[in-house]
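Per-chain residue numbering starts at 1, and chain names A, B, C and D are given in the order in which the chains are listed.
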Amino acid sequence: MSLTPEQQAEIDALRASPAQTLRVVSPGMEAHLYRAYPVLDHGFVRVIDYMGDDAAICQAARVSYGKGTKSVQNDEGLIRYLMRHWHSTPFEMCEIKLHVKLPVFVARQWIRHRTANVNEYSARYSILDREFYIPEPDALAAQSVINNQGRGEALSGREAERVLEYLKGDAARAYDHYEEMISDEGQQGLARELARMNLPANIYTQWYWKVDLHNLLHFLRLRADAHAQYEIRVYADEICKLVADWVPAAYSAFEDYRMGGANLSAKALECIRQMLKGAEVTQESSGMSKGEWREFRALLE
Amino acid sequence: MSLTPEQQAEIDALRASPAQTLRVVSPGMEAHLYRAYPVLDHGFVRVIDYMGDDAAICQAARVSYGKGTKSVQNDEGLIRYLMRHWHSTPFEMCEIKLHVKLPVFVARQWIRHRTANVNEYSARYSILDREFYIPEPDALAAQSVINNQGRGEALSGREAERVLEYLKGDAARAYDHYEEMISDEGQQGLARELARMNLPANIYTQWYWKVDLHNLLHFLRLRADAHAQYEIRVYADEICKLVADWVPAAYSAFEDYRMGGANLSAKALECIRQMLKGAEVTQESSGMSKGEWREFRALLE
Amino acid sequence: MSLTPEQQAEIDALRASPAQTLRVVSPGMEAHLYRAYPVLDHGFVRVIDYMGDDAAICQAARVSYGKGTKSVQNDEGLIRYLMRHWHSTPFEMCEIKLHVKLPVFVARQWIRHRTANVNEYSARYSILDREFYIPEPDALAAQSVINNQGRGEALSGREAERVLEYLKGDAARAYDHYEEMISDEGQQGLARELARMNLPANIYTQWYWKVDLHNLLHFLRLRADAHAQYEIRVYADEICKLVADWVPAAYSAFEDYRMGGANLSAKALECIRQMLKGAEVTQESSGMSKGEWREFRALLE
Amino acid sequence: MSLTPEQQAEIDALRASPAQTLRVVSPGMEAHLYRAYPVLDHGFVRVIDYMGDDAAICQAARVSYGKGTKSVQNDEGLIRYLMRHWHSTPFEMCEIKLHVKLPVFVARQWIRHRTANVNEYSARYSILDREFYIPEPDALAAQSVINNQGRGEALSGREAERVLEYLKGDAARAYDHYEEMISDEGQQGLARELARMNLPANIYTQWYWKVDLHNLLHFLRLRADAHAQYEIRVYADEICKLVADWVPAAYSAFEDYRMGGANLSAKALECIRQMLKGAEVTQESSGMSKGEWREFRALLE
């Protein structure tokens, strides 16, 4: 990660100036505010602001149920109930604003989550920094031979070396030419909005990303999942830690019902019922396809 | 308005317990937090939480432009620029959560603004209170004779009296029967989710409503407008005051560009150009319809 | 249901005038177009327009996978795969527009589904018809004694009679007064936007509702569910039949994975793994709450 | 543009197979269905499906106003009224699905319009084609000296040549290396999801993009505007032509009220009122900033 001394000084200054508020405060989150947590080689995630906590989720739920505002003792049970029954609106009552620095190809996946607010660094307006994501050796993975959309083992030897040479060399050359094209020394200088098209998808961008807790958890369920691309999963993993400190009860329920849980089809449920009765069930008798059956079996082991 | 002593005590307690935070604080908004501002005869609006301030809008805009984080002196100018050019994403970086008590027919208009989070009191689950909106004499308006969707002068005399009798009498009877139907004394008691259907649209409901500043301003533009129904406009007016204290620069730009401004068509702009050159322009020569021409003339006077 | 002869004639005329199109056509849906299917005592659902079919879902999925456009034989398998893995974007590529007539208290639940387009009959502008939902005897249910948000058995005898008297009598009186208040005979006449507040929540309204297939299926999952209120469930059930004819493969996958399926928590999965190994599992050892354990056991029976 | 003979044959086949439908048909749009209209050097826009027409907009509006379904003569006036008064919901009742091939840096701007459905070609799953956007000489513009976010004149001479050399050479090399890295001949082959990061932002991608007419017009207002980047504006311009044939009345109202119109602030309106009375108004007396005054003056000329 590359925070300039200037940026670090700004973070320190912000963290040194507490103010009084009448709002709900999450002590777990206050400890994280503004701090930049490194992700990948030059990226980071940091919390700029937040609204609400576990109690705010319950408070909103209790508006619906028409009972006062608080009854601290059962908050955890209520949150588990809400999560289990997909009562999502109370989770929407919490909000978080993150500052993220990330490679463009990760940003392109991330932005597909539409229910969020975004302000991204504009390469029409400003000049991008010379920072590119270059994978660590163990992240330099081969194409999976069983999954068109996945990875196999890490490359090794000469092949790994060559890939790194290409990635580094092409990025460096592309950036040199970018700089040269936009330079106005002794020439007109190409418009920034055009010059940026020469830059590869591993260049870093940054944005402010604001989202409510329900939609954030949905993002985390998909992106902290084992099937997500590694380069976005490391961001999701980092955010998971922040959320666990911000709304511990909600995060714990999320882990049980979403991250660790599974969705079973009617066919799968029927198979389980048969199996619990001691019946033999096979892929053929299950009515599932081979792929589905494989996933089902894996779940039970 | 009818806050119970219990509710008032809770508000007082919340206002008496400041906490420390590292987040951005809006002093103007802190003064309003939790307080219930009366609207109509039993309704209110109060701020439960907020995120961001004028500086947060600028900070987000500057992420896009790639320049540090702060330069306080020009914030107002930057905000005006953003508002003028419909750069709406920085305004989405502020968020507010309101607790609103309002008649059901107002709630039905309000909910049509889809980009917001809502937790409403559930009449499936809980019993509604005996509170109905009964208009003040000067709000008891006749149907407009020129506008199918508007009001004329206030009713008077016997007609006004009769309307009030009907509204009060029907509401009271409907509520008596509601109570009687759900009672389980000496009978089974009708399900709440069914009994509520007997209640008229002027009964009060309440909800938590969370929205970002951009969408809130859009709501206010439509609902604080002179063409909005009076009963929702008074809520919008009250919220305007809160926003003015929360984000003074954004609110001031909103007043100039949205509330006080107007959208002119290509035809209207061409008319103005001709008129400024001293040419005579008529409805016929303008290419506008009669209604459009009337609106256009009214704008210039 | 109450279609006027005029409305029926219009439907007949629309159905008698086929046109040529180059678009994808769903024969199953064409058979339903414009026809009004009765729901409750005065309501209906009818399809006004639609876009796409099962093949269109696959076509969109194949854009992502980068392979031509068609390979008809495997469409069903692909659709099951998409549904199983929550790849929701291809389902968003189909769209439907419905005309629905429904009681206001049902409309209030329905509108909470935000990702849809709506044009509702305006009682500010126009006069509502004298049509109220009055439950059939077997839908006149008592409050559940185990579920705050549910129904028990049907009321009977004198209690049922009294409820019907109240519902009918109050609705009739409220509507009489509504008519009297807005009348301009011998008086000014109250504004429609005010007079409507006297009408109870079982009066009928109508709207055009347009939604994509993904969001429609989400709506159906919640509203065709056994826990949904009966009065919205009958609409959802009717729409299910339409969807089954429109996109048979998608609907079949939806039935298997969503309607008939279940979401299991990490704890529940672990219990099943233990049980399949022959271990005894109890509520205490499961780590679940009593309510959760009850739901879990019910699922396995 | 590069349609393969296979793709062209498919388009021809689709256009040769009309079917019967009872749905509303827009003859103007039928003529465009499936045809690929070239944009930039390798891109295109084509309509895959649509729902609704001008009459469907009016039909939805009339549901709100409670009057039958049709009265063809006044449709144009009604549409102008709806557009003028920002009654946007009836325009949401039309929908369009486009297939677009576009450079990645254009796709990144486009996707910021969140209220739409998208299925994009997946470079995790499939291999991207060797196609890059290389600007025509007159689009090879210098950075604007007055606008940080704009273009000046076209580059010329040796500078233009060098820019083209860089863009072409870097793209070719990056793609050669991409191919080499993913190759599994004599090596493991890098995962596609990683190899794609070496490709520059002018490589082409493609997607299905589905959006309602209201949100499409919003997109066009921003992207067919003179301030939009040329490379997205040419797509917007092409879509404008399609919309003009699809919903001629709505498009004509859009041109008058949105594209050719302007938003005036309260201050600007007051200036115009003064000027029409013959008063002298200056930047100082207007209360506007210099930039704002310049924009205001330009509007009146």
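Heads up, the rule we're going with is that a residue touches a chain if its C-beta (ideal position, glycine included) is under 8 Å from a C-beta of that chain, and two chains touch if they have at least 3 such contacts.
Everything quoted here is computed from the prediction, not taken from an experiment.
Novice: Determine whether chain C and chain D, two copies of the same sequence, contact each other through the same residue numbers or different ones, counting it as same when over half of the numbers at the interface appear on both sides.
Specialist: Shared-number fraction above one half, so same.
Novice: Could you give the separation in Å between the centres of chain B and chain D, each centre being the mean of its C-alpha atoms?
Specialist: Roughly 33 Å, centre to centre.
Novice: Just how far, in Å, is the C-alpha centre of chain D from the one of chain C?
Specialist: 34
Novice: Find the geometric centre of each of chain B and chain C from their Cα atoms only, then give the gap between the two centres in Å, rounded to an integer.
Specialist: Each chain's C-alpha centroid was found; their separation is 29 Å.
Novice: Considering chain C alone, which of its residues make contact with at least two other chains?
Specialist: Within chain C, residues 65, 118, 122, 125-126, 148 contact more than one other chain.
Novice: Draw the chains as dots and join the ones that touch; what shape do you get: line, ring, star, complete or other?
Specialist: Contact pattern: complete, every chain touching every other.
Novice: Once bound in the complex, which stretches of chain B touch chain A?
Specialist: Touch residues, chain B against chain A: 6, 10, 14-15, 17-25, 30, 33-34, 48-52, 56, 59-61, 63-69, 89-90, 92-93, 95, 97, 99, 117-122, 125-127, 206-208, 210, 212.
Novice: With touch defined as at the start, can you tell me which chain C residues reach chain A in the complex?
Specialist: Contact set of chain C toward chain A: 65, 77, 80-81, 84, 86, 148, 222, 255-257, 259-269, 272-273, 275-276, 289, 291-292, 295, 299-301.
Novice: Can you name the residues of chain D that touch chain A in the complex?
Specialist: 103-105, 108, 111-112, 114-115, 118, 122, 124-126, 133, 135, 140-144, 148-153, 155, 159, 162-163, 166-167, 170-171, 173-174, 177, 180-182, 184, 187-194, 196-202, 229
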